[in-house]
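Below: the structure, in structure tokens.
Chain naming follows the written order as A, B, C, D, E and F, and within any one chain the residues start at number 1.
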């Protein structure tokens, strides 16, 4: 089984520990990006994955390629060229101080990529799944077009497609996001979103839900999922349900809706003391893809995805370094954190 | 607007993370001191501030000057000379283990300073506020005299004066503190204190309050504020209200009393998971000065000061690196710590 | 007063902070081991201690000796020779992700030691207590024999013996552990165990206690202690009572049973936000030995031991760097973590 | 005395020590840039300096401002706005492996700046010197125009102008550099260059000099200086004379030519074991400006500038943290490196 | 083109910088091993390489696999199983203090491997070269047998074989080495050695060469090469020629002998200021293999191999992170270390 | 054999690597002091040593005690009390930039010690040697008196005394040093000095020697030694002979004069690439004491001492972590730094 992910791999610079940007003498030199995070997560779970992107040929670009190789992601679909590796800066929050992300990703190699850089029928040869997020088409009209071509090719080759809406207000407006994503969604089998994406991108919202207050209304979510599935024909719609107590502590759960059976399942809720929450949603997506590829039922799927992503919150960096065994152990009730010798 | 702060800037050596003094191979080389913390905090909030102190002319003294410059504090009122930069060692506590501070500040340049080192009328030229704490006069009789001269000059020049009682038992006895501070308080417009200062310095205490048990009695605090205002003629009296659950978790709130209206306001209470609590009180004082200079009403003043200092607890080191926007966002209810992209 | 501890001192490699094994570029180079932890803990409490072990004569072995010297443990009973310093790798858990320990201790110098390496009557000369744990005899039949000889010599010399059952499934089976430990227990005056040791080693279990769920049944524990005391003639039996909420937060308490009076005491329970839990049980044992050597009564003994080990959970590494004053301060109610200046 | 410097301040990311880009887990978060380096160097020597540039208003931009404040450079002429802080990556070489610099500076705030961002008559008010390098106009035609305006204003206000040719092939071609720099040079009083700049920018070269082989021909350099002075009317022309033995060891000297007297002086040559050579030329320029502002004669000027820049090679990062006393001590013969207590 | 390397991949623990083992609080967690070093070096030069070895299935074993993946080495021929990852400790020397290596590699997974772990005909499918060193058969009789089987299979499949003698006195005696290596050498086409291997393993020595004094006798080396080629039928014999001036500075050169033409070539000699010399010989071997696969002539081969390995001495860790372009630039005379922008 | 050393143990704060004081965010937390360095050096060579000093009872004082214990120095003669641990700051030089030391040692516990703190007859019980340096009496008149008492007691108990002149201009004037040291020297058997001590303290100088230029005149040194021996009756006089090429490279040798035979020996000269030169003289003294206690002849003594101290220059920190075997290996000619496996 092999999953193709398409998106940007950026350098992630973050000060060590809880230092703020203005006080740090050093930055950790990590990498991340929504689709790359999914690819690494899947490789860790034991599923072959390949990232499709573009990276400069210089040593900084090579370091980006190397991080993927290190964690088992195939890199033969990475085009080398262009000038910049995109960058984002992460400052870890605590208690009442939120985490902060500053992007410096414009003009990156993938954002300047051209259609001819990617031959999708060759890329999809032997693939079993295609994943992208709303960030990829937001990188530019050129990338949106490449993304559409990828979706069409996947559909032709009968490869299931998943998409995490991942709305980023710095990259595009709600209006443009709605228009472009509206053109891509018909190709999407599994739609993943968090509590505000559906609203921001498609104006579909859960009634009586106040995100900032962390009030989560189950019925409202079901309604949103149904609307998405209906409007775009998605087979399944999944939500992460984050209850933000503070930047240090979150409740974390998920929901999965199946349009064919009109059935909805909710997962166990974890109270998480956070180590690093960036990439939490991506590890949830990877968990769903893993579950789908392994034929899990609805409830098992959402439990696996939520447990995987709960563990992500305890790991430094964007990537979710967990094995399927570790996720299954948590699903089976090992959340008390007893030491393993 | 410009705030003059008078006090010691010390080297702050702390082991990284939760390491104890006896096990660390390395010390973080930071700086701090009650009045310097206020000055840095104000500069971060966008208010001009200047630290009045004395520092040796060698490179370690220069490093101390540089840290202030870095964070926007004016250093032209710093006298260069003397032999030592004072030092304090901070060991961060966790859970049941309290944080520990060891002082090595005796004989520092400022503690050995002379009256003629500081020309207060020149220093206060163009100033809008004067701030000091009970630590400064505790450094020695010479410094107490300098402090008194500063207070008198400020009063003559119609510059409001704030003072944080900040009792330090290692520097002087309650008896001496009471005597010296008693001579300075008549010049103080805004008196700031924590739960034990008023008792230790002036023998004024809140009935039915057991500090170690974290039982905070609102009525008692009001009574203490009234007594202080009455005895010394302060316009306003402010308290930090810390509920120590453990070294890792605190409740944090504040109270502000206005003597003219005999009105008292209490702030929202924050449950804080602590990154570094040293300097928490100083950032509260800075918040109050900011509020006063910007004409905030009583309730807005205490909410701003408490929110600012709540954020301080999430930042490594003594200094509070937050902007007024960040404080206002917390005041408006953003305490759930959602990531900011 | 002097305590002889017999066991292995290993290198402890752990990634900094919450990094996982697969992502760390660096390992902290610490040392630990159940009996060494007790020895260091006792030295910190002000009791002379000496570790009996075997370590290679090369520089890595010397670094192991040095760490003990640094923290005040006598090293003149350490035999130099053999090839390996045993190793264990610790990955710190958080929230739902458990800590992980990987052992690489086979063929270590102490595991390959011979009877003639240790002259127990000389070693015990001037000693007041002997301590070992179930790990030492588990290192091999040779070491089990040496351990038996040590116990016999101690008994002959009227030196009290304590043993922490410390069952390690990687080192031996329950069956073998039961057989070998069964032969050593008759020499043991103070038996220490955690919630699963008695069951795993001797098949003695507390009714209605589900360890993984953190349900602690006081009556059941009393029954287990009584059975142990009865079967082996131990004077006292002590349990650590850990309530695992998550890898980040634990409840921590202890129980001490006196067979002569058939009296049982339970300690105060601490809610601990964990910095490092490895060595928690060892610091509990050290606290009990300290209490015994200082003639504490039953209740004071268990309170001291539990407070000491609660503090251990807030300290990086295996070793418990706390003084008796610090423990006593916590016992007396200073658990709110107020800063100490 | 105050020196105005105009140019870009970039983030400088470098792996610690001798690590290569592809192996480092962390980057040191420093700052640098040719004109900023001169400004910091001058501030360290005791001369007021101010950097004119543009930096984004976010926290990464603020960190850039802070580094200048820390080292005493005035920042009130920095325009806040734009999107990017330019970046360059430095990999330190050793022995036969050269240092490597990768630029990611396109689209930075200063590179996108507009003429109206800078009011030069206000900026030059009270200034005694203006410095820029060939990098600034190479950032774009807009910046070249701003630079020309600055030069014209300086000339009108009778402020001496220095320019370091600093040819960067990544930024523009020799052809374009020659054209643009040719338009700026008539305003330049002091022209600074290294062994290849004059050739690459103006096609003026020293006969019989093979740069790669480190063969330095004194007569040739004099001829180049004369040609530059003649063509553009510069009062003085200075060269750094670097003899590259390896990436670890260099010979370092300088030459200064005075057109009025047609006199040329050469400095002492230092054999330098290199700590960090980036910024070596900039510290040479700062030394020359310092000498000019202090009225040094020709020989003293070149000795001071070369000694200052020799010391720079022993300091980590771009900036030259040396005082005038330290430079003078080296000029007077203290190059044997005896410890100073 | 693909090169198969067979040998052990160990953890390499070294204190940072010049710290000695007894003083370091931390160890860098790197990996290395003679054959793995060759594989990484080749991947960096652009040649496909694959390491054949055995590593435990736990996370420490996974970290070992990941390092190879990161640097582009194929890992599909790595058998997972066994208990230990072998370890070696490196303490970097300086000036008169030599570097020190302590091995803890006994009982590693590969040292305990069995013949059936490796199917050589499948492994060699598609391979163009086979490389091993004298360390591999020294791990144990079992591994020596596996090695012999590999050699025989390679020969049958017409795959050229290279072997670096790499005598390690800690692993076996000269006598045993001579016997075992004598049985393997008939399969070896390219024999690589340093100044003492041929003597220690086969008793073949260069007349009038005093290794410790760094006196290198060219004629003697030629004679040794001829003897080796004659005795075992090797096509080519290569030597590294190290002149140890101190632990900080070495002269470095190489020699290559071709038996068919009886021709010998010597390379340029580099004076190297050392960053890390471990792996220097391995990078030389990789350079020779690269040259052979690319059809270089004798002189070009030795120049490429020596330049590649000269660069290795400037890089932290065992691995040689250089591209073919970088090596060629040095061969062409770029050894003056001018900065590359 | 046991050596008693009397002097101050200070905290040594140094920035990592080559960072200057004004740029470092962190300080390495080491310890050092002339006599402590000798004690640690001797313990490493296998000779029992004990430091006599006074240190505060708080945790920073404890950390100082621990460092001695770690490296095998006896600490039972350390009086606990007083307020400060003295501090010195070390900034490592390179090439033309000298190392810099800033002292903050005034008012330390030992500098404020009283005569009654030390019972010298008890301290010297079982001792074979007494060592102090000119720094100890320079700490204050009180300490000078204690030192005199120690010397007298040693003499009475027939314990040989060594003294390193170690003139420190920050602690006292030449005039006072001459007077106080003149009173102590009659008790000294072995006098150790560097190139300027004899001149600065006693006005005894070597003709035609220019220290700053590194010109060492052997005849002159012999004359100085003879004068010292004659004036004070010392049995032996030793000099370190440092040729400062730069802060990175030194020539290092020694001279030993025996008054009875009027014989002088000079050692081999080492060209040292320096890692850390602080403590170089102390390790030389330790080598001489080791040689004396082991009955080495004159030439062997100076060779051992110089080789030991040459190695010191390659080790981070003040302490010389070398074994007698390592020193002997260097004496025997192993200075080429070949790797030891």
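Side notes on the structure shown:
Heads up, the rule we're going with is that a contact is a pair of C-beta atoms (placed from the backbone, for glycine too) under 8 Å apart; a residue touches a chain by one contact, two chains touch by 3 or more.
Just so it is clear, the model here is predicted, and its values are computed rather than measured.
Chains that touch both subunit B and subunit E: A, C, D, F.
For subunit B, the chain with the farthest CA centroid is E. Of the chain pairs A-E, A-B or A-D, the one whose interface repeats that of C-F, sharing more than half of its contact pairs by residue number, is A-E.
Averaged Cα coordinates give subunit C a centre that lies 62 Å from the centre of subunit D. Centroids built from CA atoms put subunit F at 44 Å from subunit E. Those residues of subunit C in touch with two or more other chains are numbered 17, 20, 22, 25, 66, 71, 100. Residues 13, 15, 20-22, 24-30, 58-60, 62-63, 66, 83-85, 87, 89, 91, 100, 102, 104, 106-107 of subunit D are the ones that touch subunit A when the two sit in their complex. Residues 17-20, 22-23, 93-101, 103, 168-170, 211-214, 244-249, 277-278 of subunit D are the ones that touch subunit E when the two sit in their complex.
Partner subunit F is touched in their complex by these residues of subunit C: 66-67, 69-72. Interface residues of subunit B, counted against subunit A in their complex, comprise 17, 71, 270-275, 307, 310-311, 313-317, 319, 321-322, 326, 330, 333-341.
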